[in-house]
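Naming follows writing order (A, B, C and D), and every chain is counted from residue 1.
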């Protein structure tokens, strides 16, 4: 009985095994012959940060679509199309780590595009290091990401401490003696907190008076904060947060009869939601952007910054902000590094290490501006080239107003309707 | 001094919002003995209803609030019997099962809203948006003032209903003793379902005002539920009258702590006080049942 | 408690002594100054109309409710104001008017659970003995909630027996049960009193009261209105009035 | 409590079944890729957490909405002790993590567990929210910026660590509940608190013990989780979603049963990851989850485990098996 059974099992095993070999062989070889570059995107497609997460996806996707129109990335005279794989981080670091492992193991991606938030990035970058898969992050802006000196992760957007810091100084120069005091508030969550701290640093460097520095929890009722700001009456109010907080902030301020002379916020002022939802109330608000459509940059794939903006508008129905631009430019970095490397995909572990070296040596001009990664210091592997531009909303349009090299309009001070 | 007066006013007005949110919840607890996790969910859905009525039909929230009340009262009237069924079932622990049921309902609302209307916050514009009154040194946003007035009106309405009508008599009878009320010929199941409908109607209308004051997105419900629980516990679960005082107390606490201690600490203080209140006076500082 | 045990002069070492215990619920006085001394091996019946405070008196004696006034001694030790578990551990066991079994446990587990604060090692053997004594061995692996009403009463009684208490309070233990089960219960009571265990029994079944009780206490409106042998009580006018007055 | 030969054999049978099960779980990593292993590791973690919650929720009959606080205490203790300044090895942080959680649980458990039903649920929720707010304010926790841990990305290490923790939790809890005085005390107080008191059971003490045990197990998994994900922040280790998931898993599997929570956790976590990896960016998981909970409450109040062994049938089945041995 037992002998019979095992013989039958053996037979069945052999048949199944050879069947699998016959069927499997072409699959294996097809995978070998299918010369595509497999790109994984780990970002927050759901959860608290899904708004920004979807923006990053748009940016990465637009690049992939454009490069595939040309037949793919050109390496040693031949073009290799790009195939995108997505992993939803659910706005949670642990899910981001799960997603990264899945993309690397199951989808066998050659390269990763990074998450929207810094928290997820911090959980994903050890995994990219472990499997030696280079990662290009088009969004994460927390300086903490670069402090840990990630060997395989590269950031397109200068850390927020650099940008908010500089923007206040630029603003102070522009206003001269008209503005003397500043109050800084921010949401108590990583990105916004660091933005606020950057503002504070800028205020101290520029020699202005800091009237208030305060953090508040996400979802807090803003009336107490605004009442306090009204009482302080500073010349400039600086807010760290995302666009939904700014919308609530402006609404709450209006309903308490308060319009500061200058209101500067960071990421989000340039987003379509901010202008659409606030209408006239948005006018006069200042924002910081490392990129705007009016900047005089260009590259071969997207053309000028404004060409890119129109392309993105045609594709998604809204004008891109710097997150989308940074993400699209991530693809350009990959393109350039792969070309210099000159090795056909799929890339094995050794080649991926070489590719990482190649990315480290990046020094290119794109529609997004110049890109080169720091090789040492607190901003290791962060692209610190872009210069922040101070923008102002005028008649529902985003207009760069400072520094003078990028300005397209006058800085309006005090802002319309200021109390 | 001006800041102090403004702080008090801010607190009172936040209190008004909290009262709107909690009155219906207390009514259901008093009658059905159910802790409804979905309270924030009903408010969130009310906000969305107002948003769509503005966006699609151009109806101002101050008019649509009545439509929302009727619509959600009907929905609640339909859902009520299910909750009654779970609460009075022969399960091992019907109270916990009812809690779990409303928890599932809440997740369904939150997830459904995310799925249907996706992630972004939506602003609900009204003719009163951005309007304010100035009284001496104090600025009063009209929207918040109307929420406060609505809180007073609802409270008054609920009191009249409970103490001046036959239906109210039945409700109180059920609240005191379900079995005895049944023996006296009250259709307990029907009364419970109507109370649940009343509660969902009130809470969704409160959600309309809250959405015009802040904005609405699928995740706001969690915080509303938490605050409703807080006010309800402080008032004494099931006490409708205590809500007025407890809501104002919480509003003032949030405002004063935010202004004079630091906004960062406001939630820490709020939850700390809630925890301590429960430990020291679990039946609430103020109240008794309906 | 750290306070030294207070001994009563009159009833040293009596298994249970109640001294003017009072319990009020809101404005209602459920027990209004009841005093009671029982002797080892004595079976005392507590009778009276519904709502006369009998069950409340049991809860006071067994510690389920704190007394408002008065004192309680168990075996000469003052246990007034002690938590229930401590009073229970000092040798008093009770059944409830509505059987309060551990529904999601088997009969065996119910019996074992009763010994959890006592002789745990010997509990399995003891459980078999108690089950046999009460003739519930055939259902010993059934869930408590699956038992018939009479079997539930037996099990609850059995749970008390598991703990070898000095005083047992039985609250309407034979109400509505089959005569066979009643017979079993009576037999066990007789057997246990031989070993010096004292019983306090709330009972409506006068047949049973006559058969088993040495002494009766009649309660009405929270007070003891009569006390004596069955025959004394049967002829007592006041008692008849208490019952009749209630009915009118 | 092995009093008769049938039970002795039954126990031997159970021990054999456990040994086979552990062996099977032990060789799993040899057969699946690192990603699937990661999912299975997650399933083990959630099974352990569900088991921990079940001690209080299922056996003591107290619905806690604050268990995320203990998960966070465990995660933060490990993260803080492993920071550069202190630099303790991972395994050495487990003891402090568990002990701190137990102490906190013992302190708040006493007064909190005097509250019944809804009051207890709300009080624990308030406590968890309070602790999360504290974590966002303190410097030692890194505030909202969170903490990074030294990355040790050996998937086998984490699989076996999770397996060891989950197996220890389940077997330990099973033993405690079914075979010790503690288990009898706990079940007695769940079924009838006044009767339990009348048996001499010190119910307040038992409740606090159960709460502390539950908190300790929760913290243990919090510690492993922190080291596993390498980065934590207040939301990711103290957010209400952690408690929510624990509650739902236990309800789905079967409240107050030994293996129900494990079943619920594994089913739900695998479904979760499956929907997530198949449909990517959809959030349809959430409403479906909500619907499942409502349906379970309405139609299957004893959980999935009751489908496998209906209460009565299961008992008969088990006693028949025992008789055969």
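Here, a residue touches a chain if its C-beta (ideal position, glycine included) is under 8 Å from a C-beta of that chain, and two chains touch if they have at least 3 such contacts.
Please read these numbers as outputs of a predicted model, since none were measured by experiment.
The minimum number of touch steps separating chain A from chain C is 2.
Measuring from the average of all protein CA coordinates, the nearest chain centre is that of D.
For the criterion of most C-beta pairs in contact, the winning chain pair is B-D.
The chain with its CA mean position farthest from that of chain C is A. Separating the CA-averaged centres of chain A and chain B is a span of 39 Å. As a whole-number value, the distance joining the C-alpha centres of chain B and chain D reads 33 Å.
For the pair chain B and chain C, the distance between mean C-alpha positions equals 49 Å.
Annotation for chain B: residues touching 2 or more other chains are 92, 114, 264, 267. Each of the following residues of chain D touches two or more other chains: 133, 136, 256, 282-283.
Among the residues of chain A, those in touch with two or more other chains are 46, 48, 54, 188, 217.
By the contact rule set out at the top, the touching chain pairs are A-B, A-D, B-D, C-D. For chain A in complex with chain B, the touching residues are 46, 48, 50-51, 54, 188, 214-217, 219-221, 223-225, 227-228, 230-231, 244, 247-248, 251-252, 254-258, 273, 277-278, 281. Here chain D touches chain B in the complex through residues 61, 63, 111-112, 114-115, 117-119, 121-123, 125-127, 129-130, 133-134, 136-137, 240, 244, 247-248, 251, 255-256, 282-298, 301, going by the rule given at the top. Across the complex, chain A meets chain D through its residues 45-46, 48, 54, 57, 86-88, 90, 92-95, 97-98, 101-102, 104-106, 119, 122-123, 126-127, 129-130, 142, 144, 148, 188-190, 193-194, 217. Interface of chain C with chain D (complex): residues 62-64, 83-86, 88-89, 93-94, 96, 100-105, 109, 112-114, 116-118, 120, 124-125, 128, 141, 143, 146, 159, 163. Across the complex, chain D is touched by residues 35, 82, 85-86, 89, 91-93, 95-97, 99-101, 103-112, 114-115, 222, 226, 229-230, 233, 237, 264-265, 267-268, 271-272, 274-275, 278-279, 282 of chain B.
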